[in-house]
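Each chain gets a letter, A, B, C and D, in the order it is written, and its residues are counted from 1.
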Amino acid sequence: MKIELTSHSSHIVIVITGEIDMSSSPELRARLLELIHKKPPVLFVDFTSVSYIDSSGIATFVEGLKGMMPYGGRLKFVSIPPKIAEIFGFAKLDKVFEIHGSMDDALRP
Amino acid sequence: MKIELTSHSSHIVIVITGEIDMSSSPELRARLLELIHKKPPVLFVDFTSVSYIDSSGIATFVEGLKGMMPYGGRLKFVSIPPKIAEIFGFAKLDKVFEIHGSMDDALRP
Amino acid sequence: MKDRVRLAIPSHPRYLCMVRDLTVRMGKMTNIREEEIEDLKLAVDEACSNVIRHAYKGDTTKRIVVQFRISPRGLEVVIDDNGLKANPELIRGRDLDDLKPGGLGVHFIKRTFDCVEFDPKKRSGNRLKLIKYLTGQL
Amino acid sequence: MKDRVRLAIPSHPRYLCMVRDLTVRMGKMTNIREEEIEDLKLAVDEACSNVIRHAYKGDTTKRIVVQFRISPRGLEVVIDDNGLKANPELIRGRDLDDLKPGGLGVHFIKRTFDCVEFDPKKRSGNRLKLIKYLTGQL
């Protein structure tokens, strides 16, 4: 797994590449909580190049979302591959996370 | 491994996809020897989508070439990925097989 | 033993990718449908993650042994550890409507495998037996 | 045993892809250079192919055990079989100028591994030890 931070229309975008598993999710957790600590109003996660996610990766995002809820921050997922979308659906998380097809969709008010 | 036969300017092109290893090379051998049995003057092999070749795959092509030599047939390899080209070079087979960058190169007289 | 594939790894998360690769290869060899192979990979990964997390309490220096056996009806996966005995009655995924981190692994395992059981004959440690039948073979 | 990864497969060529996957993962974990990983994969595959072809004379129902151990200096791969004892003096690749099918496997193994030896202590069957040092660690 590789994590890169970019920005899009002045919003932070976390671009993740590769496999999010029990081995890599601690690094994702550290980066995510560090960002959330600064209370960004919106945080985008670009899933285009994520090839795999396990329950530890999902738990990391649930934890992130719970950290953003108290101050009204929003966690938006972008370009989720179909297989991963199916997993979020099964876990009833597709309604919990804000899921968008593209950055442009995600930015539309 | 998957083998498809196509043609290019009325020549037979063997298009191979995937891994040529000890498990798949018997099938390649059967197909190749069957074709050579008909004594084609030239036989093209398209390596574009070959991701791996081991010594049993190479042995298969050496056997094919030896079957074509008596009647003056020619075995031409096209679009060999760099890693596989390196293996042919190491085995001193880059001078034995006719190796071309593209079908157009291979057809140039 | 003849048709078995057996992989033994340290109980460290960095080896789980090897279990996943092998699971995919065994799934394909069993002719499990392409769409189900990803679920199979996730399910076996989750079962091994649970061994690290729960049976070994995060100790990464122990062993996990994963065995695969193909039968005409499907694929059997057996996972052995030497960790704390699991109490099958306490193994339960979280309520999916109760949002909290964790508690999804068991759901992923159960939705893929037709049979999930701890071998009661195993004296110390655990042996988890997972069976996935080919579609229409149940 | 703690840092070892161990894969046991039937001596059938269709399982060699699993050995290759695992070899790539272990090579990356050892920090072997990207360009050398492909050679490493080929070399371990060839060593296992030779077990099927020569030690087992094509019998696909026997066992092959491949073990990997990472050390600070590099990667050790140990391949065990229960087949015919190899005579190391007769193991030799073909002259590369003498065009004929076969006889390349040993060349591929030797160009990758710094150390290639049959364990003389093994009573029946064979144990082939292969060591690849990290560049600059010889």
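Here is the rule we use: a residue touches a chain if its C-beta (ideal position, glycine included) is under 8 Å from a C-beta of that chain, and two chains touch if they have at least 3 such contacts.
Here the structure is a predicted model, which is why all the values come from computation and not from measurement.
*Asks:* Looking at the contacts, which chains touch chain A and chain C alike?
*Replies:* For chain A paired with chain C, there are no chains in contact with each.
*Asks:* Roughly how far is chain B from chain C, going centre to centre by Cα mean, in whole Å?
*Replies:* Each chain's C-alpha centroid was found; their separation is 42 Å.
*Asks:* Nearest whole angstrom, what separates the Cα centre of chain C from the Cα centre of chain D?
*Replies:* The computed centroid separation for chain C versus chain D comes out at 29 Å.
*Asks:* With centres defined as the mean C-alpha position, give me the chain A-chain B separation in Å.
*Replies:* Centre separation, chain A to chain B: 46 Å.
*Asks:* Do you know which chain A residues sit against two or more other chains?
*Replies:* Residues of chain A never touch two or more of the other chains.
*Asks:* Two or more other chains touching the same residue: where does that happen in chain D?
*Replies:* Correct list: 14, 17.
*Asks:* Could you please write down every pair of chains that are in touch?
*Replies:* All chain pairs meeting the touch criterion are A-C, B-D, C-D.
*Asks:* Under the touch definition given earlier, write down the residues of chain A that touch chain C in their complex.
*Replies:* 19, 21-23, 52, 54-56, 58-60, 62-63, 66, 83, 87, 90-92, 96
*Asks:* In their shared complex, at which residues does chain C touch chain D?
*Replies:* Its residues touching chain D are 1-10, 14-15, 17-18, 21-22, 25-26, 29, 61, 63.
*Asks:* Touching residues of chain D toward chain B in the complex: what are they?
*Replies:* 12-14, 16-17, 20, 38, 41-42, 45-46, 49, 52-53, 96-97, 99-102, 104-105, 107-108, 111
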